[in-house]
Amino acid sequence: MNNIYTFDTSTLWVALPEIFLLSAIVVVLLLDLFLIKPFKQVTYYLTQLSLLITGILAFNLIGEPKTIIFGGSFILDNMASVFKVFMAGSTMIALVYTRHYLTSHKLYRGEYFVLVLLSMLGMMVMVSGYSLLTLYMGLEVLALSLYTLIAIARERAGAVEAALKYFVLGAIASGLLLYGMSMIYGISGSINISDIAAFAANASLASREMLILNFGLVFLVIGIAFKLGAVPFHMWVPDVYQGAPTSVTMFLSTVPKIAAVAMLVRILVDGMGAMHAYWSDLFIVMALLSIALGSVVALMQTNIKRMLAYSTISHIGFIMLGFVTGVVSGYGAAVFYVLVYILMSLAAFGMIILLNKQGFEADNISDLKGLSKHSPWFALMMLVIMLSMAGVPPFIGFYSKLFILQQVISTGFVTIAVIAVVFAVISAYYYLQVVKSMYFEGSDKNITITASMDMKLILSINAVLILVVGIFPDFWMKLSISLF
Amino acid sequence: MVSLSDYLILSSIIFCIGLAGIFINRTNIITLLMCVELILVAVNTNFIAFSHFLGNEAGQIFVFFILTVAAAEVAIGLAILTLLFRVRGSIDVDVTNSLKG
Amino acid sequence: MSSEQIIFYILSFWFIASSLAMIFARNAAKAVLFLVLSFFSAASIWILLEAEFLAITLILVYVGAVMVLFLFVIKMLNIDKSTLRAKFAGYLPLGLIVALIIIAEMTLVLGGAQFGLEVIPSPARHGADYSNITVLAMQLYTTYVYPFELAAVLLLIAIIAAITLVHKKESTHKKQNVSEQVNVRAKDRVRLVTITSPSKEKK
Amino acid sequence: MEQIYLIIALAPLVGAIFAGFLGSLLGKMATNVVTILGVLISTILSLYVFNHHVLEGGDVFNENIYTWMQIGNLNISVGFLIDNLTAVMLVIVSFVSLMVHIYTIGYMHDDAGYTKFFSYISLFTFSMFILVMSNNFMQLFFGWEAVGLVSYLLIGFWHHKESAVEANFKAFLVNRVGDFGFLLGIALVLMYFGSLDYVEVFASLNNVAGVTMLDGASVITVICILLFIGAMGKSAQVPLHVWLPGSMEGPTPISALIHAATMVTAGIFMVSRMSPMFELSETALMVVMVVGAITALFMGLLGIVQNDIKKVVAYSTLSQLGYMTVALGVSAYSAAIFHLMTHAFFKALLFLAAGSVIVALHHQQDIRKMGGLRKKMPITYWTALIGTLALIGFPGFSGFYSKDMIIEAVHFSSLPFADWVYVAVIAGVFITAFYSLRMFFLVFHGESRMDEHTQSHVKESSMSITLPLIALAIPSLAIGYFTIDPMLFNGWLDGAITITANHTSIASLKQEFHGAASMIPHALQTLPFWMMVAGIVSAWVLTLYRTQWATWIQTKFHRTNYVLESLYGFDRFNDIVFVKGVKNLGNFLWKVSDSGLIDKMVVNGSARFVGFIGSVVRPIQTGYVYHYAFFMIVSLLIILTWVLFAGERPLLEL
Amino acid sequence: MDNSLLSLLIWLPIFAGVLVILIGNERANTARWISVAVSILVFIISLSLYTEFDSNTHLMQFEEKASWISQFNIYYHLGVDGISMPLIILTTFSTILVLVAGWEVIQTRPAHYMAAFLMMEGLIIGVFASLDAILFYVFWEASLIPMLLIIGVWGGDNRVYAAIKFFLYTFLGSVFMLVSLIYMYNKGGSFSILDMHNLSLTAAEQAWIFWAFFMAFAVKVPMFPVHTWLPDAHVQAPTGGSVILAAIMLKMGGYGFFRFSLPITPDASYQFSEVVIILSLIAIVYIGFVALVQRDMKKLIAYSSISHMGFVTLGIFALFLAYKPGAAEAALLGLEGAMVQMISHGFISAAMFLVVGVLYDRLHSREISTYGGVINSMPKFTGFAVLFAMANAGLPGTSGFVGEFMVILGAVQANIWYGVLAGSTLIVGAAYTLWMVKRVFWGAITNPKVETLSDINAREFSILAVLAVAVVAMGLYPQPVIDVMQVTIEHLLNQALTSKL
């Protein structure tokens, strides 16, 4: 019996990015304790360096054959590696914006960076998780770090309230997810995705196994939907986006979506792929509800963060549509959409941060008034971002929608595509509100941009990418499909 | 003999009590945290029952980790709660609705 | 009805009853104590299921540590005063209905047809030589070493979080900054201001 | 020859462009030299062409200049069809135009828009040439509208006058109503004949003759009536006549050239040109005849109550156009053209004479404030007398021959209602004589009713004004006598006009005709002559002999007078029905339908609806965490129930 | 010319636009000179499309093809035929006018203004030159962006409403087109427009696709009842914006019918042709009446644009009823009339909006009642105005006549009553145009400010003169324009008449 329980250290290199990151976290954490004030910036640079190296390590693993280690808990495949690279990259960009925010809001603390790294670790675990347990653990690592990050602006009632809501609802969602996992475990007898996949593939229709699998599936889908922020499990999204410090909102709205999608892929596609017909029905409903509610309610918002929250819900709906298709290229479309969404969302929140002044959140749409006069370049960038989010060509947001729609239509869901595009038009209205504020309305307030050069540079590159990738999207589309 | 079904139904009842507790309870947030604990215990019971009937320890291992996570969660939850008390002077659920719409 | 069943039903009753008592308790401290009672019942049921290690852990970790933490916070924040639930009655029936329907549906799914003894017979009891702890430990440090490490990370996060969020730094007391005092220069202390008299300016 | 035709058409255009763009730079002298030269060249060449075609019997010229448009097998070109009809028209147009050009030098001498005016009238001449020389419908329509444009510009020439601006707008619009029919007619021609070229259309008339459309209406009839609607607009037939009196707001030379001599006769010309087609439809001919008769009679009646010198002439123009139309209706196309020609001369003469008076009296146009001008303006007096006599058809004058022929042709017609029309045209003679002489007497005879200041300044107009008067008086006097024979009976227009055998008016006339000279004694025994005499006498009585009788008649027959003075209520009708009605309709469509229903309700309404949904959904996000939890759990319940019991594959059955 | 002529036409103005933005508003004059120079250069280059055009073939010319998004077989595929080539030249032509017209009028952010128009020029040329559906769609939508900003930034008081309405309206219309394009891609495996022409579709599919296209194109044209964005957009837009909107952007809708609806869904087009015709006739008549009572000059012209564009759709869809075997002339008259009408309307509406712009620049009012007797102080200008008004009223000898004439001739052959209703524009069109002319230009001066007006300067004169020449030349000799499109349209007619079922 003992020989079953083995731990083969020779395969550890597969988890090198995670191992490195964890070590780096410890180093950063300890170092930060001993840094005196003038050198506090070192934490930031060290964090960036850690992420960079993590990214490089992950990048090096691209192309490695699919490997499963740690007793089936950990998988290395192209999707995992590519996602990790993207997460590292996105987090780095996010941190560039974050630094500016933290200094201007007196939130600059070493723990912040440690927590970001920890959540990064959690996401990497999720991306590579191949058992229900690791996925859950990764999820919790991520979630607990995020709760803390949100509450880190502890003098702000809004932030604390947001953290609390996220925490309570997140805990419930975890509970539901776990309940589902227990059912899946109970019927299949395993918590490994590969075993579950095999079991689900063999379960016959209308059998007891099918019933329980489905029963568990409902809870799993809900847990995942919560993480994604899909309607009707979206309630936390607007409150948290609005309440959290902008830098955290930016982080929270971007990178974890990759992890959530990865978890979705691991559980539903890899594990329950055989039951696609069952969960895709749920996805259709939730996706359309998300698109609709996200578009319609966002119209009413005056707070740009809250508006972007609803817009995120709407985007999530599109991402879910990609999974409705049940074909590899559809999943690819969803992944492409996620990557595009992250690029846009980073830039959008980056713009909000850019406009921050000392201790003042420029998070009302009206705060953007007259931006095009004072800073035409960044107004143009924001225009690009907003129109891209609205799905107007030639920006990247259009291609992601195109890809999803093409897949949805090719699977025969023309009606769904039509509903989706109608709401896309409705959603264009609130993006235009931002454009309106920037371009069509004057302001006596003088908007001065105090951000540092690196922030401006990265933000510009970020926004320009939205256009450039929009003009040459081919590579990214192909890459997204190749992950499956 | 007690069937697996009995255990599962028991845990489902506890699970639902936990769920119901969350939304019928607005005295204070600490009760919400306790309800979450209840939910987790229900899930744990599920895992253990399955583990027992399947003769497979993975379920128990899972429970082990859930307990760990829950403990960590409680720590953070209570920390946030304390913060809330500091900024609001109360932890009534009813007053925490500055973010809405 | 076997003795096992009788024990199970009694424990279940206690479990459910104390859980209900917890959610209906008006006093937070009392709720915690009811939860402790629930945990005891749960632990007992787990022992019925031969998960001795986890049952003990539940008592030790939860009742011994987590619940005490709860009580501590309640007392610290002085929030055990029962607050009246203004709209309690309004939500109760709806909540109960929803909960009951979910229970009913779950019962339908999880009922005897799927998990009855005919479908899954009760496994044979382990012998006296069986060590639940050993078995779990063997797996924990081999197959599940990865989540185990993650559990460590998780606890680390909990520590960082608790400190970051709750720990107050400067606000409570003043302290000297020696290096600042040593490195101080005269011009840091005294600022010379040229004051132009208004009468001069007027000309 | 093609070059000659081109030069005829383009010479005035060159003049117009020159005057229009460079006139203000070069000054008045250069402007009128260039434009007059242009028209003079055209006139001379027209005479040459006339000689070539009409007198020497040259071949009909029909060639395209350039392809305007070629679609599939359909060719629409700009080209010339020069036959005798065209040649006659060319001469009339160019001659009158030349006269008016010369006259304008004096008449517009002090006007600020002197060069512009020359540019316009030259442009008009060009357009009229294009119209008459056209060999296809498209070009005809082009000329048709182009003369309309110039007419519009010239009526509103004194643009500071509100009434002038009102009149030109009205003129254009009413003409457009006619053009609407005309264009539809052209479209039908294309549809049924497959071509817009006259010759090709006429060649395939027989193929279309029996075809019907729209539940049995003959295609030819429909086309003819539609084309005639165009003619009604341009030639101011009732009820599309309302613009012509208003057009008198323009300077007098324009009234002479455009609104008397040439443009308004375009309709007559067009119907004559289309004679092969009209001949095939009795119905259409009858409509033409009746409309003409109504115009001739009732518009003449209106002339009686007018006091504006130009308005009187204008109504007489309407009436005379009615005569021509009647002639067309009874298939006496040549008589119509003949009357067109004589009318062009004497009516231009009358207008120019009126203009001469107006200038002399410092733009006083009210005949009640004139009188006794015979002595002071002898040339004007005598020429006006010639014009008036020609107009009323005094034997020997040109108008006599043409009008008499028309009356006789009606007499011989076998169309339904021809008897009534005959009565109408006879009555018309009396009326014409009456109002013409009334005006003549009031202006030139009797006591002067002018104020002192004006009276002292009245003198004969300058050379440039009197010269054209004289030049026009000569043909007014004599051209009828010399051309009646060749024009009506001896083949000047033969090649251009087709008359089917069953329409015998002209043939019967020919039998009756024994030379121009013999018509005069013969006329003395006919009713029209005595009607005319009666008209003259009554005019004399009422204006010179017993002026109080006129007042008595006015009060006694005040209702009739009211009807006449209100111009039969056409204007008021149009004002209420068309102007106000259309405005109300437009406002309704705009305010209620367009911006109310479509824009506010549907478009903005759907936007508001979305917003409304948003505002309804939004409060679900209450901010209370237990609501969120409740929402989640209810959603769980719904999903669970749906998955278990509903959906496509229910897992459990209750 | 080498093979990348079309690319040059598209990208030169776009990059020039970027350059002009970089030059910035501070160096406005440099920006102006560069913009105008580039636009003239682009126009000259575009003329070589005409000179080197082979009008004897319906095949695409000046083709360029390169793989773009291989995932969907999307190509960067450009080419022109007799339908798109004249529209491209119209675009390059109008842009010069607009840029020159905005020379001194636009004082706020002049460089951005110029840049927006340059970029829009490139994008619109892209629309007309695209042979790949997605490329087409990208240009189609992208061209909304500069227009959105032009209206929103440089527009009138209610510009925000108008700009957003414009954007959303057209955006809503076109997303359905996108769905149907994707549908056809999924069916045929190609986004090439030419492949779509040959794609066989069932009757039901055609009907859905037809209406999807219809949504996109009808909004753009705009057809009744989806026209209400136009008056708002036109009224609020700055002069240049109105000009481009009327002269070119509306044509994109008509072009869409030519390029997509007829060849791709011939049977559905046939089936629903009467519906479209009736909507067109409503546009012609109903909108004519609405135009009549407008008090705002721009709104009047905007409505008249709708009415005139009704002829385009009428001409296109009358073909099915007008066509008789062996005699294609009637159908061709309608189709080519529609094309001619589009080009002519491009000149005339541009001219009319510029005329209003000239007045607006001076008195800052678009209300008809503000004016009266303008001829007294601005005789030269009035000359142009009256000419363009006459062209707008469809006077023969101007380009306005040609298209209407052809379409009416075609429509009568489809159904006499169509012709009657369409022909009523002769009256109504003249009524609203000349009534406005009467109230604005003729008469005595009532508003003392009108007296102080100065006549058009050399810059304004030259713009209007160029347009006047174009309007008259095309009216007198339309054959060159028709020559270019003849073969293409005949081919299109065949496509439209060949059932796919």
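Which chain is which? They are A, B, C, D and E, in the order written, and residues in each are numbered from 1.
The working rule: a residue touches a chain if its C-beta (ideal position, glycine included) is under 8 Å from a C-beta of that chain, and two chains touch if they have at least 3 such contacts.
Which protein is which chain? UniProt says B = NADH-ubiquinone oxidoreductase chain K.
Note that the coordinates shown come from a computational prediction; the quantities given were computed from them, not determined experimentally.
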Discussion item. Starting from the defined contact criterion, work out which chains touch chain B and chain E both, please.
Written reply: A, D
Worksheet item: By CA centroid distance, what chain is farthest from chain D?
Response: C
Worksheet, complete the sentence: Two candidates, B-D and A-B; the one with more touching C-beta pairs is A-B
Fill in: Core chain by centroid distance, with centroids computed from Cα atoms only
E
Worksheet item: If you average the CA atoms of chain B and of chain C, how many Å lie between those two points?
Response: 8
Worksheet entry | Between chain E and chain A, distance of the C-alpha-averaged centres to the nearest whole Å | 44
Practice prompt. Averaged over CA atoms, how far is the centre of chain D from the centre of chain E? Could you give it in whole Å?
Written response: 36
Worksheet item: With chain centres defined as C-alpha means, what is the inter-centre distance between chain C and chain D in Å?
Response: 99
Worksheet item: So which bits of chain E are touching at least two other chains?
Response: 168
Fill in: Contacts with 2+ other chains: residues of chain D
607, 618, 621, 623, 625-627, 629-630, 633, 636, 640, 644, 652
Worksheet entry | Contacts with two or more other chains, residues of chain A listed in rising order | 133, 137, 140, 144, 147-148, 151, 154, 164-165, 168, 172, 211, 215, 238-239, 300, 429
Response to the item:
Which chains touch? The pairs are A-B, A-C, A-D, A-E, B-C, B-D, C-D, D-E
Discussion item. Can you tell me which positions in chain B touch chain C when the two form their complex?
Written reply: 1-10, 12-21, 23-28, 30-31, 33-35, 37-38, 41, 44-45, 48-49, 51-55, 57-58, 60-61, 63-65, 67-76, 78-83, 85, 91-92, 94
Worksheet item: Along chain E, where are the residues that touch chain D in the complex?
Response: 165, 168-169, 225, 228-229, 286, 289-294, 327-330, 332-333, 336, 373, 375-376, 386, 390, 395-397, 401-402, 405-406, 408-409, 411-413, 416, 419-420, 423-424, 426-427, 430-431, 434-435, 438, 441-444, 476-479, 482, 486, 490
Discussion item. Looking at the complex, which residues from chain B come into contact with chain D?
Written reply: 19, 22-26, 29, 32, 93-94, 96-101
Worksheet entry | Residues on chain A engaged by chain D in the complex (per definition of touch) | 164-165, 168-169, 172-173, 176, 205-206, 210-211, 214-215, 217-219, 221-222, 226, 232-233, 235-236, 238-239, 277-278, 281-282, 293, 296-300, 426, 429
Worksheet item: Okay, in this complex, where on chain D does chain B touch?
Response: 618-619, 621-627, 629-630, 633
